[in-house]
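Below: a set of structures, written as structure tokens.
Shared chain: chain A. Partners: chain B in the first complex, chain C in the second.
Presenting the complex of A and B:
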């Protein structure tokens, strides 16, 4: 005998699909999604695309300096942020934190750091310390702490607790337990997260300049404002090549680690 | 009874140390890169001393936050950011679902390579760079932002989706084909039901990421709350900027919580 066909839970399905459809229609209306406007604009759009090709290769030499600045900002942000992320991650790991209030405060601190996107930090620091690469480096430091601490604290929560307990039993204090029992166990993950954060930082530092926080984004912003789209294309191509190279390097380092 | 084994003799003076060569080298290289970068961008110690004072001074202007401005101006902008993220995610979901199926190495070994290339290219562009192109094409505003978010999300969703399909147990596919079903029927009845929960969870996760991404698109004129923050900071209305930050943090936390809860339920069921 053939078993009865399982019947789906219709009210649930109708509810979910209805909610999704309503949300989509409301959003489409809210952002002014209109096909006719798109059709009208597309002509101007193709003209723009024609203008932005071919890229202005004569502009390339002027990009070297800002591109290096972008890399410097990313390095500083990753190193400082990577170091600061360690205590934040340890205190937010349930199995290592000294007491519950510390855990609670640190956990929420971490979550709030993560809610703000990188460009918000860049805008804040550019206002606080003035336009330039220093603001960018500070913004990426905060961003790196947010990225690494969350991932690293999750890795720390899944370590083997036998080793830290042994150190405690042998009379080691809390700091020694963390240093010799906990951190080395998740060292590989930490390095791989730091490399991942570095990749993100290179991408992010490209756009930091849009709000005046240094790097190649500053040039991008001036050329964009002047509608020099051949140059914009050139900058974006250069950025893509740089990002791909950095990712290739960090990927090969990561492969060797594991 | 056997006598216990004599302990392996360890000379306490000759403890095997860690292999110092490699670690020292890495530390040295990172240190050189770090201090070189500091010097290159002009981050001298006296600049460093100014930083906490500067941050504290600006922060002191943030209080009290102008919440009236927050409710009137900021909240609509945040709603617009959410709408941008939603439409972007929907665009990406619709485009990436077929691509994820075609991108499966097991199902379509030949096509998968091409799909991989497409998704890698799409992932290489940060959404804000795409927005720079979409703003002049479709006009200033939220629609350009939604398109940029959508296109740049396709890459990641395709990659993750194809991985989910590849991790599938293909017994059911064989069963459908053995029973006389076509490849298409196998996709519909064997693959799709098995992978959809996980793929939908990825969509939701991408929606969370897209909310943050759409919040910054305003910087290039693509709608959302980023433009509001940029303007308040540019004109030094720090109390209004504080309202932007507070409301953004609250809304993002709320959506993360909701979406995280839904994701957990989808995966569990």
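Presenting the complex of A and C:
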């Protein structure tokens, strides 16, 4: 016989739902949200949509160059950042780091990288090396290190330490212990994280273009500023298709890994 | 293939008043005085937690003595120098219960790990192994009879084959000493005898000092020359495997012996001569 079902904790549920509702209303008030204004202005939105249709397919050939630039930026960011993420992750893994001070410094470095958004890095590098795809590639490199190192160091912390010990016992040094004993055990996860970072980078490099870091985002911004909305629609469609294709490929590789 | 010497040095081990107390207060080794001559085949027995692993791991510095001293070929360990530790470990091969292979690498790559300390680090890390070291690794594989598996991924081998790779990796070090920590504990009875025979044969052929931790008493009796018994980290028996009695084992274990203390042995295949 199944015992009688215990009654749900109603006060808790009411409390949680009430709290979320109160927070949302409070925030909407804070940003000056008004339902009546939205209803009045929605007509402007429909006019924009009308102007944006149909997409200007004649513009498509001129998108190939900037689109490839976006992909290049993402590739450089993923490959360079992916490689740099390995030492950052190893030093931040408690079981592998050579000593506590190194661990502490590296872990905080990693956290700072992760806290600062990719747009910040894009603007920083744009100031340093000028507006363009190089700044975008540098920004995504840092962004990739931030994304991969955290996930990867956690994978490394959960490996079986027997193998690294065996490498030590055979007279291997610290680097050899890492290379032969630790990294192979988290290899699959690493590849999976790198592909994930590549997907993020494709999307991020579109956004970075908006602030002048090259690629398809830059051309999107110029066309928008010129009120060429039919071209803007075309660009958005092209980005959508490209991102979907890349994510599909990356996803199928990742599935095959496990 | 050429009959190259698989070992260069004599492997003498000496403990003097050695003790290990773990940070949590557990005594792993107590007042140990022990001398092992080059080329001996020693089996260490004792119930779990008696300090068998602690003893082996003190020899290659995986565990550090908290008192007393241990000497390998007259050289004291625990000087705190990692360089010295690596030099000593270079000449000591270790075999583990759970094999500890790089599963996604080939058998050959795993055996070459035994050469890590013998070649410049950059060569090993770029995979540019000198030809001589490749030959030593191939020779080691031949000695355990799995040459045909050289390019197979380690994860695709059976347990017994994986342990042979483990032995080959130790052999590739051209060690003076081999430490085997419960090498057959995760193997079936037939494979167990094959691996034990491999270890004995290698000890005889190459004169490598061999220490094996076992918890099966019939194996200890069958394959050991000398048996060392530990209890609560203390040496309680040290004598020949030929004269050890059930009474001695009872003293070592502090309890009566049961069927769990022996390997079931009816199923030895093909009459391959499993000891006398």
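What to note about this one:
As a working rule, the second predicted complex is superposed on the first by the 236 of 258 C-alpha atoms of A that agree within 3 Å, B and C clash if a C-alpha of one lies under 4 Å from a C-alpha of the other, contacts with A are read in each partner's own complex, and residues count from 1 in each chain.
Throughout what follows, a contact is a pair of C-beta atoms (placed from the backbone, for glycine too) under 8 Å apart; a residue touches a chain by one contact, two chains touch by 3 or more.
Remember, predicted model here, so these are calculated numbers, not experimental data.
Judged by the touch definition given at the top, the superposed model places A:211 against chain B, while chain C stays out of reach.
Look at A:8: by the touch rule set out above, it reaches neither chain B nor chain C. With both structures placed on the common chain, the touch criterion links A:48 to chain B but leaves chain C unconnected. In the superposition on chain A, A:187 contacts chain C only, with no contact to chain B.
Partner contacting the larger number of chain A residues, of chain B and chain C: B.
Contacts of A:239 after superposition on the shared chain: chain B is touched, whereas chain C is not.
Shared-chain residue A:179: touches chain C; no touch with chain B. In the superposition on chain A, contact is made by A:165 with chain C only, not with chain B.
When both complexes are aligned on chain A by C-alpha atoms, no chain A residue touches chain B in the first and chain C in the second. By the touch criterion given at the top, residues 30, 33-34, 36-38, 40-43, 47, 50-51, 54-55, 57-59, 79-80, 82-84, 86-87, 90, 124-126, 128-129, 132-133, 136-139, 141-143, 145-146, 212-213, 215-216, 219-220, 223, 226, 229-230, 233, 236, 245, 248-249, 252-253, 256 of chain B touch chain A in their complex.
Taken together, the chain A residues at the contact with chain C in this complex read 162-163, 165-173, 175-176, 179-181, 184, 187.
Across the complex, chain A meets chain B through its residues 23-24, 26-28, 30-33, 37-38, 41-42, 44-45, 48-49, 52, 68-69, 71-73, 75-76, 79, 111-112, 115-120, 123-130, 132-134, 137-138, 203-204, 206-207, 210-211, 214, 220, 224, 227, 229, 232, 236, 239-240, 243-244.
Taken together, the chain C residues at the contact with chain A in this complex read 60, 62, 86-87, 89-90, 92-94, 96, 98, 100-105, 113-114, 116-118, 121, 124-125, 169-170, 173.
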